[in-house]
Each structure stands twice: as C-alpha cells, then as structure tokens.
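Since the structure comes first, as structure tokens, the remarks are kept for the end.
Chain naming follows the written order as A, B, C and D, and within any one chain the residues start at number 1.
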C-alpha cells in the first residue's frame, strides 16, 4: 500500500447482476482503494453508463485531502460541505450507455455519451432555468455521489447525457464537462465584445481553453498572463494577442501600457489568489468585469468606495450549464476548439494520477480509462 | 463671514449681456461665496438654463471638504480626481430654457426642463451606448464644471435636457437627477425578479426611493434594513414588506430567518461601509447579487474562494443613464413614484444647507432656489 | 346523452388500488364522458395529484372540437399535432399530493400544490434552459397526456410542482398555470420599460391579467383596446391608463393621438386575428415590439420592406416557463396580482362548462372541482 | 451628357475659404452633376472631413431613382421619407480631419478617420441608448444631408468619428460603415449561439461579410443559401459550413435535411423578398429567429397562429450602432474580418459606378476616391 498504487479490496463476492471496480477515497490522503462493488441498477429515468474515460481534476485532490485552504488560514473541510466518504471521485465522464431505467428515453444501449455532472436538486431558482451548476443543494456526480473513477457510473436522468459523435476522441470529450466547461462559463461571465481588452490570468489547462473559447466566440483582444514563459508561448498559439510574464515584469505597468493607459475591460482569473487579484484590481478600466474562477483562495482587501465610483463588477464563476456543455460539444466536434489529453491512466493508477497532478507533472489533462 | 452665511463678492461690474449670482466653493470648508459673474454664452449645441431648483447632495459636502475617507485611512482628494476650484456645485438642476446655442434644437425659450448632469466626453465605450455616467473622463455638471447653485447654468448640449410637465413640482423634479437616479440605477443593477428577496441597506433618501422603485417595477419582496426605527416605518409605507433594525437585532440571523434559511437573493447597500458589507456577505443566498452604492468607504476582506463556489456577483453602481432619468420623469409624472422635498433654501443659504445636511438635520431632500 | 350532461361509463370493475373518475373527450364535439378508470401508479420521480381545481380554458374547446381554423381557411386538426383520443383535458391544475414515486422528493402527502403543465421531452435546447413550454416535442398535461378534468392526475416529476400557501384560494391558484402564465409570458416578451406606451389588445381574462402584470412589474403606460366598454372599464380598474374602443373609434387614429403621433412602443395582441394585427401594424413607433398571443388565427399581409426600415420585431408568445409560474405564485400570494374565478363546476358539468365558455357566458375564469 | 459621365457645373466662382467638388443627384435617374460648391465651415462640435473614400451602396441607387418598389406594387418615394434634392450621396466615408469646430475635440488635423453616418436627432429613446441608426427622425449623412461623393463632407459632431490605424486600407475601412455594419447588426440581431444552425440567405457583399462575422464572434454553424454557385464557393471560403443553391434544389427540403429534420434556429435574409421569406418560414425550428435585412420588398402572407404556437420571432435589422462600428474597426484592424474593395472610381465616374452596381457588374464593393 505504501507504494502509492491503490489497493484492491473485494467487498462483495456474491452472485450479482453486475459487479464493478471503482477507485475510491476511503481514508483521506491515503491511496485510493480499488473496490469491487455491486453496480447500481437504474430505476425511473436513471441510466447506467459504462465509463470509458474519467478526467482527473484539481478538485479531486481537494476531495482526496478532505478540503482546502480558506481565508484567515482556515482549512475548509469537504465534509462540512456535505461530502461523504468512502467516495468514488470523477466528474469528467464519457462512456457508453449500459442500461436505461424504464422511464429513460432518447438513448439506446451502446450510444457514446458525455455526462453532465453538475446536477442539482431540481427545485431551486437556478435549477428552474437550467443552471443546475449553481443549485442551492448540489448533487454533483463524483463529489456528492459516486463518480467516474469506476467501470460504471449511475446518472440520475437521461436528461444529463449528451450524445457524442463516433468521430470524436472520447478521452478529449470527457474533459469538456469540467475543464472546458469552467473555462466557457467564465468567458460567458466576462461578457466580452470585440475591442475589449481581456486579461486571462493563469495559462494552465483552463486558461488556455478560455483563450481558445474567447477567440472562437467573442472577437475580444486577449492578453495572457502567467509566470511561465512556456505556457505563455502556448497561449499565443491558442489565440492570445500578447502575453505578460508577471514574474518578470510588473503586471500593472504591463497591462496599462498594453491598453493605452486605459486599463483592462475584463479579467478572468483562473488562479484567484490574493496576489493575483490584488494586481487585477490595479489594472482595471472603469466599468471593468473581474471574473474569479480559481480555487486557490485567500483574501482580497477590497476598497469599497472604488466599487461605485469605478463601477466595477466582480463575479464568481463556477463550472457551466448543460446548455453550455452542448455548445462545447458542438464546437469540439467541428474542431473550433481542441481539447487535449496529455496523460492516460488505468483505474489502479488513480492515486498515481492524483499525485502527478498535485506535483505539477501533468502538462495538459490526465484521463483514467477504467 | 464667521456667521456661516455665504459672502457676496462682486467680481465683475462691467457692462455684460447677463450677470448671474453663483454660490461657489472658493476655499475648502469655508463658507461658499456668492459671486456675481458673467453668465456663459451658449454656443453650438449648448443651452443656458435659468435655474429654478438645485438639489443639495451629500457629494456636495465632499466637494466642499475637498475629498473623503478612502481605504487604509487615506483621504482621497477631489483635486486628484480632476476637480478644480473655485467651483459652483449643484448637479440636481431644474429650471427653464434661457438661451439656445445656434445648433441647439428641440426646445424653446421658457420650456421647463430637468438637466441630466452625468455628462461624459463622448468618445469612450460607455458614452457610445448612452452610459455617460460611467465615462472614462467624466465632465459632470456641478463637479467638473460649474453647476446649479447659481442663477444660470450652462449645459453642453440640448440632448441632456428632459422636458418636464407643467403639472410637476419643479423642486421635486430636480431631485430625480441624482437622488432618485442613483436609486434607480442600483435597482436596475440588482436585476430583481418577483419572488427574489432583496435587502435594501440604509433607509435614507436613496434607500427609500429604491424601495419605491423596486416596488413599482420589479415585484420583488423588499426587506428594509436600518438602525433607525422611524426610517423603517417610512420604508414600510413606501413598499418594504418587512424591516430589520440592525442595531437591535443581528442582521445576519434576521435575514436568514426572513428567507427560510436561504439567504437574500440580492442586497442593495446604500451605506457601503465595512460594517454593513461584512454583514451583507453573511446573509447571501448562492448566486446573490450585491450592489454597492454608498460612498461611506472602508474595506471589505473578501474571501476569494467564496466567489466561485457561491457564485456571488458584487457590483458598484454609480448614478444612472439619461435614459433612466427619462423613465423616472415618466414614473414621477404619473405619480408611480413620489420624490419629496423637505427643505428649501435661498442661494445665500447654500452654506447653511450643506451644514444642515452634514449634521443630519435634513430628513428628506433639500433644494436651493436661486 | 342528448341532454348535454356527460355520460358516466364504468369501464373497469375489478379490484384496483385506486379508481378515479375523469371527464374525457371520447368523440369530438360530443358530450364528455365521465369514465371511472384506474388511477396511474407513480413510478420514479412521478407524483400522483388529487385534483381540487381544474381551470376551463379556450384551448380545451379546440381539443373538444378536434382543431381550429388556420390560415387559408384550413382546419388544423389536433390529431395532426399529436393529440390522441380519448383524452382527459385540463391543464390548469391545483390539488394535493396523493402519492410520490420512489424517486420523488421535496414534497409530502397532502401538500397543496400547483402543477406546471407545459412539460417538454427534456432534450431540446429550450428544455435545457428551462423553457419547456417551447419544447420541440411537447408533452403538456391535459393536451398530450391525460389532464385535470379528473379526480387524480399523474405528473411526470416532482420538479413540475409548485407549493402554494395555505392561505391562497386554490381555485384561483389553478388559473395561474395557463391564463396568468400566458399573460405573463407575453408581458415579458414585450420587454417593457417605464415611459413605453404599450397597447393591450383584447381585455378578456388574459388581457386583464396582462394589464395587472404590466402594472406590477414594468412601470409602462398601458392602453387597453377592446370592442366592449364594460371590459374596458375593468381594464381601467386593473391599471390601464387609458382605453380605446376599436369598434367606436378608429384604433390607428386613437393610438396615434394618445402617443403624440409617435405610435406605440409595444403591442400585446391577445386576439391575434387578421383584423387586429393589421391595425396594430399601422400604429407602431419605429422599433416597436408586437407580441402575438391569441389563437384566433388568419393571415397578415406583412410589408417586408417595413421590417428593416422600421426595425419592427414581431414575436409569438406561448404560455410561460416554470420559473415564470413560481414568480406568479409569489405575486399572487402577496396580492400584487389578483386572479379571479367566476364560475365553478362539478366534474359531470364539464360539457356544460365548455359550452358556456364557447358561448361567451363565462365572464372571468371557470374552474371544475372534481 | 448622354454619355453617362457626370456633368460638371460651376455654381460659385467667388472668393471662398474653400471650394469643393461634389457629385450630386440633381435630377432623378439622370447623370450626377459634379458641382463646385462652397465647403461648409464647421461650427460648434462639427468637423469637416477631407474625403478619401466613399463607398457606393445599393441604397444610393434608390436615392438616384427616387424610391423603390414597396408592397402592393407601390413605388415608395424617397421624397416622402424626407429626402431633398439636389443631394450629394455617399454614406460610407473615410478620410482625414480637415477643420475642427471650436467645440470639437479628441481629434487633430490630418487624423485618419471613419465617419459614422447613421446619425439621429438625439432626443428619441433610440438615440438615448446609442442606437441612433434607429432614430425616430434620422439625419443620416449622404441620405438626409450631403454625403461623401465629394471632396469634403461635414460631420455634425466629433463624436461620430472613429480613428483608423495608419496600417489599415482606407478604402476598405470606408465599407465598414454600411456594408459590414449592416451585416454585423443583423448577426447581432440573430443572437446566435454555438450549435445553432443559421441560414444566411443571399451571398452577396453583405451576406459574405455576415458569414465572416458570424464565424468570428458566434461559433454557430453557418449554412449559406444563394442561386449562384460561384458566390456559394466564396461563402464556403469565408466560413459557411455548407451551402444550398436554392435554384437547383428545394431550399426547404435542403435545410430540413441539413438540420436532422429540426429546421433552422435562425435565418438572416439579405434579400428579404416574398419568395425568399416564404421559403424561410417553411424551414424554421420552433423558437426560430428570422432577421430581415434586404430592401428588395414585397409581401409575406404570415400565418398568425403559427406565431404563438411556434414561438417565432421576426425582426427587421437596419444598419448598426456607432458602438458596433468601433467593434468592426477593431476586428478589421486585427484581420479577424477582411473587408474587400473590388472597384475604384474617380468623382466624375459616380454615375458609372452606380450604373455598374445596378447592372450587377461590381462583384465586391466599389469605392469613389474624390
């Protein structure tokens, strides 16, 4: 166990309709256990999906570690937010239809599908308008219920499935449902127009996808900011018009120069740490929109009087809607955007995948193929 | 001079087309001087207005004192923002047309008009869409150029004038262009729907007008919050469904109870001080909109991680557009809203008016009649 | 049977969990039959509702007659749109929870609820954003599946239920889900602002509710148009600022005069017949919005060149969203709007109710109490 | 004169500050006269522009012919719309600053600028929000006042000027202010999302630019429709995913097949003739948006009942806003869109330019260089 590979425990051995292996978080920070458990039987509108690809996401590390750093040095526990262990993580899921509940429809066995995981209770104002990702009482797959680090996953309704084309890379498709979706939600929140100067802070996976998307659907002038020149090179290839290495040059001075002293019309901050947002607030044009996405945490000392006098708008952005996901699938299918998968893992390599991600050893996006 | 009444200085005595008296800030914090100066002659699209009513606004006190408290205990100087003295304050102006520039049109001598004072340079993105109040380089009347504490005021274009009905109270009309306009801009920024719980923080003149407006055009459920029971009584009369005295009870607990533990969908904070906004942030529903309006100032320690996870939106709101003002005039004309004037002053009482306002001795809105 | 009262037929006599009486359309244009059939058993997320009130709507007459007059004198058959007989009509339904499917939640037995009937398949772009009323493949209750002219009705998911307060009149609440909802959807489509002149054509039940709603949430100036002075009197009481009897005076001339020769900014036409819309098109201001709601039918000869040069927008409006319905319930609960029920019927009076409605003998809204 | 070249008449020969040559419509349908007249002197905020490029637009032909065919075979006279002759046409104007009025600012002599010609009176609701192109009382340059077929043109305010980069082709820039602007306004009106199927009807200059723009800023799937295979080839190069030759195949059948029998989500019709719009209405998906742009004219027999039941939205689109134009300049400067000029003329070739355009002999856009 100490070798970092997940342990395999057989917890049920009786005659079942269907058994499945799942890589589960049983004890925080310890290796995930590959358990063989009974696959759930879909009832009503539910659908059982045979998982082909499950993306490995930074928030899976938070689940694994049981929380993350909040403001004032507080550690925010996942269990305080309603997460229960043991848990099978994995919210970026693509696969094929295995079994349809008796009220499920619109899909057939073996259809290739992507799963929308940001599911809500269905009764709050956000759910009523299709923004289940912002539900008062979320039930996201791989966070509040068992997810895709598993041979099978249960989806509560056929309505959360999106058909994907035979021609599409299924691993790449999986990454649309969180990585690309979060980038897209953020780009939409920034409400960009051509001639806007938008600064994308953080040219990691999400930032790069945001640059692709901003280029594809807004016409805005994109400035990428990061502390890594290699990432900034990629950012330029993806559509950034210019770049700023905030380690090598003063970000505030740089942006003011790039914008004729006007300041940025919008910032999308995929880091969202005290340091980055403090800088953001210094290079804003009047009326600027600041979209905060990253989960790094920390505090911002916000000057209250600057809010009305400068007419700023700060908004948090959290994943995206099912409707957004369908738009992404359409864009990816037509090669307008190009999600990339850099590493592939087997189910019993789940711990390794999370460790590599934590250590910054995954350049693009890692995917588990159970 | 030490008696608090403005001094009168005759600075021009030659034969002019038109002389006018103006109450001007010559030295910061000292009595305003009533100067007799030459009235400007309107050229091009400019219009000279004979002032009937000039509202007395809290921001006139900032101009008089030369600035206001910013974050970190800093005093923000008006001169650093481009204000130049001597200055005739007064941005809430109603009167009649005196002289039209040769390119001015659509109005005739003696027409009763309201002046839209939040004028921009005309070339920035905000100006292009009629949001001159958010211009990069504002030229607001009574702030950057001489205003309405005067017998006459020059308006740079006939386009900034709004006709008012013979039947309307001209003093009350004047207060629409800042007091009511700021309240209206804030209500619009909150984007309220019926069934939303909105908390209006601060039941002074602006807060009460916001309650009238939210009732008139949104259908939302309004909760008024203040520390003064008398104001809260008025708030109820104006349309608040319920009220919270945040001095007598814990505002967070109170709002959570009033909203079935869900939290507020929106807050409009007309105080915008550290203390009020800190409380605001504790009683928000996921997806809540916080509209910051007041100029009290101070800092907020904002938890950055709460922004994406809770999907909050904080926005500053600054006055309103010319289009908003026309809507207000229509609402007031039809008695859907009822702006109120509580105190009337003569031009040589300008210092007295500002002093009374500063000392909290003006219950509603004071107006100078030059 | 020839006496106009519905016939009662016992079609099942075996031992069942639950039998229920339903007034059904078995043969077009003949009396509805009160059949005693087995109540459906809710599975999955489904819920069985014990019906207290079922509103009687004009579109029920279309179902009864098997279609309606389309353009070119064509009769549009309901069966061509996918309606199947025998059918239990009734889409305005309020009642109490009887039985919850095993995946239904958020409600308890005997909860008083309103049913949202405009249900979609769940997979089209409209459904994804909560606009199921505009689904590509609608499954509306009382139209495509059995509805509320019955002791019980099956609702496909708990998500389509809206709790109603103990204090609310349950008959009046029922009428919110089509009559008021259609009026509300239309008002929202008109996108009214204060100072807009909006003409509401047709001061029947929907038009009057639209006037109430436009007054409550828009601040626009409302002009009611009808051919019946009594209805116009009521329209004034409900919030119309002025009225036009288009039988007694030329509607075009009247509107041009009432709008200072500018024309109307918006029209909401609850008749939507050739004659009314032809008149509408003559009294529009440039940029006007025309919202077409009624199902009267006929053709409009539309001048194509007037569309770009005058920048008109014509839009059809069909019922409303679940989110809209929740807003209506909130407005009704707080008495901001006041839905009215004029006639009450028993289940075996269904034919009588439809006949009276068809003959114009129901002034407000009729409701069946099974 | 019968040779087609404009006549030159010297109408003033006295000592003037500045004389200029203008190609003017003096008699309808006859050759334009090149008159030498006194250049206007800019007052107030006015600016005199030395014209470098003036685009030749189809609507100039309407001005030349005195009107166009309306519905019911009526000829709609330009004089009935307020046009007065003699008139110097030309509304697509780029050039350099010659003289600034005493209140004009933000620009210097010789600055390269593009003129926004769709100017309004400034007092209507459209003007107030920066939509002067939709003004109640338009004063468009080259239509209601003298335009750019001239050595100099007077612009009523510096606010209508947009700086253009030294690097930009000034002839191509000129075409942004009507041809590209109308395309852009139409694309914005269609409110496209990725995954929408949009049909662009008419692959002429405007249609092709709309395709470029829809590709650049919406991510929608574009279907180009025309009767000319060569134009459809170009449409594919510009970004159309697929094309339909409506002369060779049934457009309704073709679109239904290309959209999996769903129908188009949006249509932008740059022809806007009875025949094209009748076809459009047959291949619409429920909720479809139809944007009518062309000035071909004729009538549509619109089935009124289809409007609410199918929830269609028809809107006319007329040019675009100043804000839109600035966005276009930014897109063109960065080569996101590529406006093309195919023919260049001298001032005394104005009649030839209009004749060639009328006869379909100008493939892209013609520009006059006075």
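In this text, a contact is a pair of C-beta atoms (placed from the backbone, for glycine too) under 8 Å apart; a residue touches a chain by one contact, two chains touch by 3 or more.
Note that the structure is a prediction, hence the values are computed from the model and not measured.
Taken together, chain A and chain C share the touching chains B, D.
Rotation relating chain A to chain B, from a C-alpha superposition: 180°, rounded in steps of 5. Per-chain Cα centroids separate chain B from chain C by 43 Å.
With each centre defined as the average position of its C-alpha atoms, the distance from chain B to chain D rounds to 41 Å.
Residue positions 125, 195, 326 of chain D each touch two or more of the other chains.
Residue ranges on chain C touching chain A, taken from their complex, read 43-46, 101-103, 105-106, 121-123, 125, 127-130, 157-159, 321-323, 326. Residues of chain C touching chain D in their complex: 68, 70-71, 76, 125-126, 131, 134-136, 195, 262, 265, 272-274, 277, 285-287, 292-318. Chain B meets chain C in the complex at residues 193-195, 216-219, 221, 241, 326-331, 334, 336.
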